[in-house]
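Take a look at these structures.
In the two assemblies presented below, chain A is common to both, partnered first by chain B and then by chain C.
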Partner chain A sequence: MTSPRRRRLDSVAGQVFKAAGIVALGIAVLFPIYWMAVIALTPTGFSRSLTSLVPAEVTLENFVTLFTERPMLRWLWNSIIVAAASSFLSLAFGTSCGYALSRLRFRGAGLVLILVLATQMMPATSIVVPLYILFRDFGLLDTMQGMVLGHVSLVAPLAIWMAKGFFDSIPADLEGAARIDGCTRLSAYWHVALPLAMPGLAAIFIYGFVTSWHDFLFAKTLINSQALWTAATGISSFRGEYFTLHELQMAAALTFALPVVIVFLVMQRRIVSGALSGSVR
Partner chain B sequence: MTRAQRRKRPGTLPGRFGRLMTEGPGFALLMLAPALLVLGFVIGLPMVKALMLSFDTIALRRPAAAGTYGLHNYVRLLSDPDAWGAVLRSALYMLGTVAGSIALALSAALLTRRVVRFRALSRLAFLLPWTVPAVVTALVWGVMYDGNFGVINRLLDHIPFITGRDWLIDRQTALPALILAQVWNEFPVAYIFFLAGLHSIPDELYEAAKIDRAGAFAQFRFITLPQLRYIIAVIVILLMIMGFKSFPIVYILTGGGPAGATETLTVLTYNTAFRTLDFSYSATLGILAVLVSLVLVLGYLRVMTRADTGKGGAV
Partner chain C sequence: MADVTFKGVEKTFGNLKVIHGVDIDIADGELVVFVGPSGCGKSTLLRMLAGLEENTGGEILIGTDVVNGLPPKDRDIAMVFQNYALYPHMTVAENIGFPLRMQGLTAAERKKHVVRAAELLGLESYLERYPRELSGGQRQRVAMGRAIVREPRAFLFDEPLSNLDAALRVQMRKEVKLLHRRLEATMIFVTHDQVEAMTLADRIVVLRDGRVEQIGTPEDVYRRPASTFVAGFIGSPPINLIAGTVRPLPGKLGLVPDANPALTFDLPEEFDFSSGQHITLGVRPENLVLVSPAGKQELEGKVVFCESSGQESAVTLDLGGLQLVSSIWGEEAPLIGNMVGVEIRAGEVLLFDERGIRVDPGVAEQEHRDFTDAE
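Up next, the complex of A and B:
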């Protein structure tokens, strides 16, 4: 049998090996984010002559160019409006549905659940083509209202599914007590269940906001005029326009990604548990 | 009604109808109606429209053919090498992202599961790529893959016998390059599941294995893997769905090129509508995609219900 000392050496070696593995894998995984920042901070046109992995000269001129010569601020603002509106609408319409799916027994409940799940999981390209034709007929093409509606089709199934999860985690006894005190079912929902679910609803709002913020397909398809572009469409256009001007591309990418990263850092724990409950993207 | 009266009986609506809606079976309807109306408008209506389009001929190149209904789009689909090529590329894309994400996520989860110092930091490192929008992922990897100035080729210059290439323009490397970008963006989802799954494995199992002098690999093979099997099943399906849906990374980086080498089913659907301007055939391809995703959803439900009832499942 191995001596205790030998075993301790083994475990120390194992610890060092593991730590080295974490550091190596971590560096590899974080490298693209680091590199995005490096190029974004390099003077315009100079990233091609970088000779090392650390920036030789740091400047903010790319960000200045981005906000002064391109309508980046406008695009970010459009993104905020669309994300807030579509997330709010999805929550307003989806919450009661999530509650019904969590609490009420009714015929077809399983079917509604599966339909909600299926709509969340099918490719958005299948929706966007007929939606484009419909919106063309309704005159909703190239309008903010149209884009908000398009994003509702992305966010609402998510909101319903997550709301059901949150109501599942609230004990039904409290509403039962309210009912005994003379509340109708509607008021038990409105005055008891809804306030209890508030933190959950806030999380759904943020999750929906981020989903809409990330969306590229609807924003690209349903909007044509540059003034109405969201930031996702705006920065993706840079790949064609500044194909070789990597610095501007990366400055735009960093600007667009940063708000979401900050939100994630603040709410890391809740988002992770939300993902585990089956509501991923 | 005065404010005081409303306080007395909260949540009542006037009349018999109101009573039905707040108490009886009407309540379920009241709660469901808003969501169903909205979903009916933004998802149901487009699906119906897609079906109608798929039997029609709405295409820029054949404007006179509009209104002739038939199965011609479906007949064309059955013998269209581009469509089945796209299905094959979607399958490869799914396979690549599932295998890559699971390998990366499982390694990261095994490495960080018992970390004590820098615990939050080490986990954050493997979660961060998930917060990066797909559009940004596409831009960043596009810059890194650049044939002339990309950092990947520049790093490869220092390694003998390996020469860089134009990763996204080379027919052989374009699809794997896209898969790598997608893996980088989405493996954290699998990482979260694996961490939770590993956490739920009782320590006693490993202690017993140590007494039996099982090595690290044997512990992994005979304890960790079997205990994770439900989690792995859930992740495989979830990643397949995510890979199948994936659009921005492929579209922004290659648009389906070079010469269709990366044209997955979603990208082909989009290009057929907005490049070829054949909306009817695009709708038909879209319906094919919906059918595929329905199969995946059924698989997901099956796995989830089994993970719920099965032993050792932690989801």
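Up next, the complex of A and C:
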């Protein structure tokens, strides 16, 4: 038998361990971001000579250069257009397919779901070449539409699965009640299923946005014109064969991360659990 | 309000036939309860009437309109679901007002109706709350409010009380009954609880395996059950069903139970059975009287189990392998292990032929012949 005093000591030690673990994890995760910020705030060409964890001289000139001498704004705008369009399209596609797969009983529904999932098992690198050939034949190479389509193909399968899961969790009786209360199937979907699936739809949107925003492979392969580059391609352009503009690249990377953080913060409130509680027992 | 008619209604899921030609006529303003064990098709019948499932055969009429193939919204019915099915993202007022919103009523008109419905159900102070902030009973009331806010041709209730605790169930049962009296509306109520069926119904429809077993008033199905199934399903504690063979006794016929051939039950003389026929004798527990201590009467049993609910006790007796239940009121139950005498109240037996169909005095053979001819 352990004494109460011993147990209390154990629990204090446990708390200390836990706190130390959390701090260590936090440092491991946040330090690279901090170091990005440090390099981005160091004058161009001086990051290699940094000697301490805290920069001696802080400047915003890299950010200014980025927006005045480089088309960063253009790249960001392209990224926003592509990410927003592909996540909206994936969302529309995912919710309609997911709803149908959740609510309609038809032969082969299971097979459809497995085939949809199978497309996700293919690594993007293995589909980029066939996609390139397809896009060339359809005249979609080096166009924004082409890139959006490419990204939809990346996001839609998981969007369908996620949407099906969310609709599965909404009791069918709710729509039954709505249909008795005067709704058609479509308006029951609109008035009842869709609002209830909102947290799920927000999650799908974020997933689609982030996937498209972060994509480098498709952006680099399917687009040539600098005017159509997304920010991901833009950032990579700071890396030359013989030297890399680290400070500018880090400033661009920080700027690049910002919109995703904003989208997440805005949508986060939508992703709340318990929205369904109380409807049915 | 309108009457509701099921004409030869059938339902098949894939290769599985679950409803086998059901005929039910429900009069305008009647409260009819569909009762039966799980899987008997009672909810499916209701959902077909609502339009949530399509009937694969026969016709369903609301008033004079055949509603086969009509979407639920065009059938002008209201339904209360077992799991309430309240819209979680809407307040109580929005939930109740939803059918009116779909009808295109303005916010002001809706409010008037919603408040009236809420007053009827005692929900006035909850109108701005969300379903998740309500108790089970309040949620059920909101679901009822949503049904009564417009004036549908029929109200459908799909086991609406089965998620409530016992006390609340009794209270809500009363409210449904009062609501029916006040609205004088056609109501169809589905339940697996025979007590609910007995207390609520104007008429009961007993269903079994997708077929109507009997339609009648609560009194009918209790006193004159059509079959051993109905007799066993309605009544608590359940009826004693004694299967046995008819044997001649001096001057009359008797029943020798399969469970204990040493016993004999006298059969009423007015029944026309033949020796050797296999029949079932039914005795309601309240008609099985304990005569304690065991005396000169012919039957004697050992008390093996006793369940008391205060006023009433259900006493299980063992008569040499044949177990019978007797219910007694207001008396002290005999001790387990004691021997007691048993008497069947005169004239209070039900008799069923070998197919389990109840037979009336004097017509046993006749009815049997009719049935075989029809087949």
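As a working rule, the second predicted complex is superposed on the first by the 234 of 281 C-alpha atoms of A that agree within 3 Å, B and C clash if a C-alpha of one lies under 4 Å from a C-alpha of the other, contacts with A are read in each partner's own complex, and residues count from 1 in each chain.
One rule holds for everything that comes next: a contact is a pair of C-beta atoms (placed from the backbone, for glycine too) under 8 Å apart; a residue touches a chain by one contact, two chains touch by 3 or more.
Remember, predicted model here, so these are calculated numbers, not experimental data.
Judged by the touch definition given at the top, the superposed model places A:R239 against chain B, while chain C stays out of reach. Legend: residue contacts after superposition of the two complexes on their common chain; A:G146 is shown touching neither chain B nor chain C.
With both complexes placed on chain A, chain A has more residues touched by B than by the other of chain B and chain C. In the superposed pair of complexes, A:T221 makes contact with chain B only, with no contact to chain C. When both complexes are overlaid on chain A, the residue A:I39 reaches chain B alone and has no touch with chain C.
Of the two partner chains, chain B is the only one touched by A:I114; chain C is not. By the touch criterion defined above, A:G208 reaches neither chain B nor chain C. Look at A:L174: by the touch rule set out above, it reaches chain C but stays clear of chain B. By the document's definition of touching, of the two partners only chain B reaches A:I127; chain C does not. Of the two partner chains, chain C is the only one that A:P195 touches; chain B does not reach it. Chain A residues 182-185, 187, 191, 275-276, 278, 280-281 lie at the interface with chain B in one structure and with chain C in the other. Chain B contributes residues 9-13, 21-23, 25, 27-28, 30-32, 34-39, 41-43, 45-47, 49-50, 53, 58, 104, 107-108, 111-112, 115, 122, 124-144, 146, 148-149, 151, 184, 189, 192-193, 196, 216, 238, 241-242, 244-245, 247-248, 251-252, 265-267, 269-270, 273-274, 279, 282-283, 286-287, 289-290, 293-294, 296-297, 300-301, 304, 315 to its touches with chain A in the complex. Remark: chain A residues 171, 173-174, 176-185, 187, 191-192, 195-196, 274-281 touch chain C in the complex. Residues 14, 18, 21-22, 25-26, 29-30, 32-33, 35-36, 39, 47-48, 53, 89, 92-94, 96-97, 99-100, 104, 106, 112, 114-119, 121-134, 149-150, 152-153, 156-157, 160, 182-191, 213-214, 216-217, 221, 232, 235-236, 238-239, 244, 246, 249-250, 252-254, 256-257, 260-261, 264-265, 268, 272, 275-276, 278, 280-281 of chain A are the ones touching chain B in the complex.
Contact residues on chain C toward chain A in their complex (touch as defined above): 47, 50-52, 71-73, 75, 77-79, 81, 83-89, 98-99, 102-103, 130-134, 136, 139, 146, 163.
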